[in-house]
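Okay, handing you the structure first.
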């Protein structure tokens, strides 16, 4: 996990005062992890975790951790804040494909769609979205392009 | 099954009406439809009201205001397909012999701007994952990758629909726009610019359905005796199948086609690459029920929540081949005067989208087209028409009408 | 019409569950009902989800979570009768031959306290005219004037229902209360004290309906072959007639009986003094459809939004004569062990009221009673049962079941 | 209109700075008036005004002003503020029967149910509910018992 996104990686900088946007979705460790499950019946992975398989309806799933590395499958950027969102705009948004055979809807650290391309390698990061009343960073998961080590302030 | 006929249609224009209540808009549409149908108080046995955000007892308020209650009144919610769901319930209750005449209406009064959908969890909102246009944009981007669609195509869909909106006094936007203007409107989410997205707004539409007067096997052919008769051949609602990550069901994750398989409608496993969307499921079922195919259609109203959504619908409805949306659109087939004009009402891009009313607004347009009453928007000789709505859920409604 | 059978029922307890989402509650109830019915993915052809405040695509979220989508999924709103409306739609779609097996469920997650109903206009809220319990109180006061009901009767209804709630692990309130405690609970709106009002809360209930295996005229008698079989004889929804000022339709004004006449269900004028309520309309229709009368009932679940509402329902459902609610209740007929036990589940006064789920919660209780599975609450030899919900709209749902 | 309720009559005291809670429901004059209509077809009065008759569905109604004097048909008091209500509690609430053959759901100026009785003569008043941001009284209609000239502060 050496990628440094334009939003900055979380580890070592914010972790002490960071709280997850919701519990049970990801782990903030180094490396961070998306928490998923795999169905004991059909073998399909799913995210987020739930007891019943959302693909074959079977009960009984095993917790798995998804790979942190995948490829970009679709992307855009959100240019004005949607309802209930307290973070900054623009921000990247897209779908990442992981080797487990699952596609994840996700924030992207890159907010300029022109700087991304189909199939590009990406990796998981935990990023701050906004600060809560107590000044803590509320964080969520996002994917960053592996290649974006030293991002240019493109277009801004 | 008995044949179902459209006895009357009515509309309150789609737009923004700060001084008109939701109930008042409903009353206007309902009274117009009942009048056209010649149906008076006591003349219908059930009422279905499509609304997504109307609130408790929305349908009752409308019928209560005009003293027409007593029968079952059910408010129906199926996102952007709410009106389609209401129509499906009404049509099957007549076809099955339960009722003779049923009132269907849709009403909505949406605030301006991005819809705060009750669909999302708080943490999704906080994470910035509740931006509805972003999901549209991802779908548009995929379509550009797989179906030869360009940004210029997207802009030209808007130009096409807005040029028809000019001719529709029930539409909200009634001015021509150029491709350049569309492309220079504010970028919302790449590749979608502001004018490529429809506006949530206000309005109402109503349809009176009734059992066809004769019940014989050839009942569909007695049309000559009733010049303005329009038959409802099918009204189908379907939801999505588990599997894909994009589409109106808005999951947080989905499966990769090449990796595995997903579940078919009957519980069997099928490959995701061939997994039909909610729209395709509804369309297939509607074609079968109606006994017509896409090749028989003369005019179509389809869901143009955004410009790409219209093009995607071409594929999902079987109007063109999978992956062929861009090329098909480029032929001009769906333009006015083309082989299969689409969204001659101006579409949601011109009319705006009052969720609960939009599907029935399409039906109103198509009934007028099939009767030859569409004025400047008339598609000559239109005989068979299809209406399509799809929205959050996913819900997809497909209605097939014959004049 | 084909005979409709209850193949399975399921519940998520009614109560307050801050850590359980609306979707999760629905999943619990749906899976329990499907399991009991032995119905798997692909085994039902449509789903109806009753909810008043659940939001867009509530039903889809539940079925999406368990990978059971693809069929039509319709969210249905009819106030407190939402579940009844959903059941009515499901039952008629089976009876008419459209579907074989249909899933019906109701879900709700209400905030604590007085419901901010979307029914009222802002000016009504500002004028203090949106206090729902005040309307209940006026109705209670009228009942005290016309039907020999006393405040002690109201308190004793609460005592009766709460004493049953003690026995129901799906209920929210599970402690005994005394008449004195009820009467000394906080006065909300004279004559109604806090404990005489049910609490809006959270919960889910689900019912799987299926076509009865044999279709002969005597199909209803094949019960011996399926020990736990429960038939749905009728599921009816009705709205109010224009005229009265009180009742769940909540108009701002109404007509005086002696002055004039109001409109009947068929559009004809009838005297308001004899104007049936939505509940009476639904009950009459249900009795006719089921081929049973109030005298055939063994156990009833009725809408006890407030204690007076239960007593009023006795009259409206024909369990006693008009004006006879007080005397009838005083006989103890509706107590456990009485001639016609009412609300043996504990009623909404014990369970609380998750709007979209409450009607189906009643059906779950009655199915258990008819199967002899009601444990400590069992009414011996119960064969015919009636469920009744009524709420804003007005909407009234009446369901008749036979074990 | 000589009745003086415990909330106090509006005329001459507040009228200059009073605004109606909504337009088209009543007139604030002396005497005040409820604005109703009568159906040209079935002759039924209805309140509030609307173009279509809520009883027989006919179009075409004539504006009428309802009598200001009626009798009490049902009553209670609201003891805690309902959602969206900015006025004081408790307040009276009930149904008044007017000679036109119509029953009106209404606020009552008397908030002690024990001081009211069935069939008691009542009359219309316009009463303040709360003050808006500009300090104006927002007023609505209410009925007051004719006999309650000098109310005792009962029970408080």
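To keep things simple, chains are lettered A, B, C and D as they appear, and every chain counts its residues starting from 1.
Following the convention adopted for this analysis, a contact is a pair of C-beta atoms (placed from the backbone, for glycine too) under 8 Å apart; a residue touches a chain by one contact, two chains touch by 3 or more.
Quick caveat, the model's predicted, so the values are computed rather than measured.
> Return the chains shared as contacts by subunit A and subunit C, ordered by label.
Joint contacts, listed by label: B.
> Averaging each chain's C-alpha atoms to get its centre, pick out the one most distant from subunit D.
A
> Would you kindly tell me how far, in whole Å, the mean C-alpha position of subunit B lies from that of subunit A?
Chain centres of subunit A and subunit B, defined by C-alpha means, are spaced 34 Å apart.
> Quick check: how many Å separate the C-alpha centres of subunit B and subunit C?
A distance of 34 Å separates the two centres.
> Where the CA atoms of subunit A average out and where those of subunit D average out, how many Å apart are those spots?
Comparing mean C-alpha positions, subunit D is 58 Å from subunit A.
> Take the average of all CA coordinates in subunit B, do the same for subunit D, and state the distance between these two points in whole angstrom.
Comparing mean C-alpha positions, subunit D is 45 Å from subunit B.
> Could you say which residues in subunit B touch two or more other chains, in rising order?
Those would be 40-41, 64, 67, 121, 242, 251, 263.
> Residues touching two or more other chains, restricted to subunit A: which are they?
If we look for residues of subunit A contacting two or more partner chains, we find 54-56.
> In their shared complex, at which residues does subunit A touch subunit C?
Result: residues 50, 52-57 of subunit A touch subunit C.
> Hey, which residues of subunit A end up touching subunit B in the complex?
21-22, 25, 36, 42-44, 46-48, 54-56, 74-87, 91, 93-95, 97, 100-105, 107, 113, 118, 129-130, 138, 140
> Okay, in this complex, where on subunit B does subunit A touch?
Going through subunit B, the ones touching subunit A are 114-116, 120-123, 125-134, 137-138, 141-142, 145, 186-192, 242-243, 245-246, 251-256, 258-260, 262-263, 269.
> For subunit C, which residues are in contact with subunit B within the complex?
Residue list for subunit C touching subunit B: 21, 40-43, 52-58, 60-61, 63-64, 67, 69-79, 85, 88-89, 92-93, 96-98, 117-119, 121, 236-242, 249, 251, 263-268, 281, 392-395.
> Using the touch definition up top, name the residues of subunit B that touch subunit D in the complex.
It is residues 27, 31, 40-41, 64-68 of subunit B that touch subunit D.
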